[in-house]
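There are two complexes below, and they share chain A, which is joined by chain B in the first and by chain C in the second.
Then we have the complex of A and B:
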């Protein structure tokens, strides 16, 4: 009789939110795990490393497994584990500010563009102008004004992301605006502002969420590239890109110098790409 | 077609004009007076003033801007402030190196992208298709400075077959030059090759699913001939457009790859000129890069319009 007493499965289970479903797929989980690991390492940096990231010692270019320096030391005798962990911290600090800021400014300009045709033309041409400069040339020009440091890196990433998010949201608004449900809402006497916030924006938001994951990888890329170009965060402060570019002259002599940032950047970027792809697949369904 | 060009050209020119203004204005915002930098820390005010007058920096800004535009149009770029030599020569040398790198990368993009696309679409071997997928995903998501370091570790440190950086001009010593060119060109090419490969794979798969392919198969045409004579030509046009857009990306990406492999191109020149506050070089260089970028975009739009008549009448 146990079969009868068992509760019948509910007829219609409330479907899971697509974002949660996306993150529960194999892709999403692997991606989240990779990103989570890197973020955790960055957050726990002061606890996990016994040395300061800029403390120098006489022990230069020591190999991995040296007592007190699990990943070895760099050309100035600084602990590579500490530099790696604090580098992750610095990178996360930069991208966690720059990408949301770029997204916000991009979305605001798209909203302004949606409000009036003249504003639309102005905003579009401004986007064209930013996009006319190849990304890294823009980075060089901005650093020329601001001088090297953390601020120009954030400024470059933000500026590069504004047209990306702006164009995406503008297209989304234009597509949704032509849909019948919007016409119906307008006929129903709902105000323009309410149609925008309650109907159009929620439907145009999905690509933006995917883009945030993609833009975070781009931000890691820009930080590293600027360090390689010598216009990034000022030494001796470590970032992932800075540690890697400092390892370049020693690749033959001490390849372990480069291993930490190589593995970390790859894990972070791959994890973010997997999350972005998982979200994209689930949303498109 | 001519109508489309006439409509598209003014906006490209406008972007260039605004860009020239932006470049000029940005460099006037840069902290640090080039005359003071050139004169050195111990120079007297008169020496600085003399240098300023010689460089025309004492004129009002609008006059400086117009003089600069006039010089550009007549091709007289003048001497560089700090690096030494004529600006035109510096830019010419850098341009040669960057063009060499970009063309080398373009070759890799076509060959690798073609291989990725064709193998990915047609290989029945699970290992091959998985390898192609992993390679393209990796090349797309991993930043060039990571692939660059990996390439140097593999080919220079571990195998010791290729130099880790530097350049020997291809035209003066082809055999040596190729060795120096291979790694940077490959590093620059990989992301674009992956994009191209994915597009080509999708295109070939779509073409192979068409009715005419089934008809041809039924008529007994060999699969190899089907691929090369029927599916591939039909998959190519969008890929050619994509190649144009990727050329712009290659030029932009070259700046980073040049820094990784110590390749003395325009990117390295820009970096050097910025650090040493060499206004004329930076100014001309930024505008040159933007011009090339805008031209490539214009060209891509034209090819697009040529391939797809709907765009022309929009």
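Then we have the complex of A and C:
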């Protein structure tokens, strides 16, 4: 036997997971705080607001600081704070379903594409088909079929995310498949399915995590745009986009009307972008 | 006569910050000088800080790297503190650089002419007189002979290469920005200088139309375009085959002689040092351990590390069936503070004070400096390395694996088909090592993959124990894979970074079902011990291991299904010489203990000879010669085998070169 090589003693018992390290940076913390604040507001909406989001009072277009209505009221006398908080709640409900659903379906189609060349062609052309429609046209078309409401918004966001995640994972799988450790696994007698799930997927998953944060941002925009155009969630149920749309005619007299949703959307998007950026930096290192 | 040095590095320290925020001292207190026209080799293993030192000279450190101390004086000007635009004037113009991998260093969408044109344009409007001003009058040392034949330029310091570049002779270079035609003419001239045939026509060709060696020549031409005073070459021949390496080293030698450019050659290969440089600087653990004229350092190393490194270089003269010499242990962890000598932990002659006192780089003779406390007092040379020990290996048994007329062709879209294997036949007996040597593109890696059933063959037969297994069915393939396993070249790429070492070694156990799930952990520990690793390593990820340790993990994984044939595809070519001996020793010991049949693929004929019973030489997809290892190396029959043998660089100075000695005397 040659000289026994001792493995160097482990320096830190278990190094911190890179995602946790990424989120612990200033960028990551700020992003998490912003997102957390908005999410918390949405979750606690019924507790924080004294009024129902659709309850009307005699006060219309009351300014901020009105007793009982900290953010004022809208043109129909509804409490703006309550509408904002419930709007956040509705928004988060939609994107929290639609984005993971889109990611899941996208990843499943990528796995199918990786399994067989014919499936690959089918999946790729299906992605092309979805991407051929501009987002807004797709939204209008789906609403035309399903009618306005929650479901079309979820459907549009999901459809828009499927090719994004699908292509990302497919590329990742193709790159990893050419790596030597995959050849080593094959020579080691490991089955194709296990190579895909146990060896390739964990190494191809990093960009997906970043993409989820990016997609959540996009979803906030899509939902807002659809509600703004009146093809989203049906009034009088509040969403951020709907409240903003309602505020448009009164921008001159009552600018505070639009401030709530604008600030919230900005905080949410900024927070998610910061998180995505922090994760991305960590992964690329 | 004391000409001031062209480049003087004093007490250079370079630090990095690791991802978890700890400081890492890659280079500690490095000092050396370089005179005009001198060739200096910086030699060391991975992690020795040689490349970092080179990059620090031009302040081109990657990532978090920064110079934390010391100075880099170029003609008296400190580059370590110079402004960024000043550095840009120096880069390329005064210090040119050549990188390791010629395959990736050229932009594939630009023609060679565009590459050269870009460099010429960047340096075309440079004020030569201003740059050369500081150097005027220093041209008395090594470059005298270079200029003697080419006449005198207007400013007296122009190092001409039969150049008729317009504007060059005008004293105020500012006005003379060369036109497009002039730049093209100059590009052709540069290509001719580096030995690209038919340069006018080749100028419009793209990088993929050139071979690896030609690309490296083109990169050298680009580095020379700015007529630098110093050429920094970072492992310029490591990615190239031995025969091409030889040509490139010859070219570099000629260029430094004819143009008077000083050369700093960074390498891990002692053979290259002996072949190409007058002076050598040996680095270890971020410090300079020895420095002196090549002939003297190689003939009589003062530092135990230099001696160990020299002994570890496989010699073509070492007969088959002997052990390679290595240096025990692993290189130091640079993130830890260093108390004494960096080499103390691996040194056979270590004393107590070595561990506590950092040895200064002290002059031992007029020309040789070494950083070793005991060496300063030692009068006699270091003990010579023991002659290679014989391995007691049993005689080979019956044939296990045979291949008959294997063919493999790769077809690309629209490209010509590439025949990687063209009728390869071989046999392998139990307990035998078959060495396969050849240059890149000879098909040896393809052969490994076809034999291990990683790729299917297009024709021919593979027989395992006399049974045809060329196109096995699903169940049969599983059975074949259990018998034939593979060790890969790159210990960094061949281990899944997301799995722990234990999981990696356990994967084949699970796949082949050889061990009950409950006993897997025990078997993994046993395998890790077998390859010389601590079983506690099972919980850690590959990234926390060195290259040599990772290769041990790769071997443990290959041994897990208890194979009878182990195919090793360049198992040591990514490892340092001092570590390579440990891995080769491990493989031969395993062969003896387990009766394995080994296919040992490498490009280094010296290693292959020591390890193998028989050698097969591959060239362009065919086996051109096969025979007993010693017989083939001593009496090669095929001209290609002879060329391979001739190109292998030996770490012995070609002659006891009087030239550098004379140059030393002049400057001293």
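Heads up, the rule we're going with is that the second predicted complex is superposed on the first by the 272 of 285 C-alpha atoms of A that agree within 3 Å, B and C clash if a C-alpha of one lies under 4 Å from a C-alpha of the other, contacts with A are read in each partner's own complex, and residues count from 1 in each chain.
Here, a residue touches a chain if its C-beta (ideal position, glycine included) is under 8 Å from a C-beta of that chain, and two chains touch if they have at least 3 such contacts.
Here the structure is a predicted model, which means the values were calculated and not measured.
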item	value
Which superposed partner A:217 touches (first chain B, second chain C, both, neither)	first
Which superposed partner A:241 touches (first chain B, second chain C, both, neither)	first
Which superposed partner A:39 touches (first chain B, second chain C, both, neither)	neither
Partner chain(s) touched by A:179 [first = chain B, second = chain C, both, neither]	second
First (chain B), second (chain C), both or neither touched by A:187	second
Chain B versus chain C as contact partner of A:141, first or second or both or neither	first
Touching partner for A:111 - first (chain B), second (chain C), both, neither	neither
On chain A, the residue positions that both chain B and chain C contact, one per complex	none
Residues of chain C that touch chain A when the two form their complex	19-20, 326, 328-330, 333, 449, 452-454, 478, 481-482, 485-486, 488-490, 493-499, 507-508, 510-512, 532-534, 536-537, 540, 544-545, 548-549, 552, 554, 557-558, 560-561, 581-582, 585-586, 589
Sites on chain A touched by chain C in the complex	1-8, 10-12, 15-16, 21, 179-181, 183-191, 194, 198-199, 202-203, 285
Sites on chain A touched by chain B in the complex	125, 128-129, 132-137, 140-141, 143-145, 147, 217, 220-221, 224-225, 228-231, 241, 244-245, 247-248, 251-252, 255, 258, 262, 265-266, 269-270, 273
Residues of chain B that touch chain A when the two form their complex	14-15, 18-19, 22-23, 26-27, 29-31, 137-138, 140-146, 149-150, 152-153, 156-157, 164, 248, 251-253, 255-256, 259-260, 267, 270-271, 274-275, 282, 286, 289-290, 293-294, 297
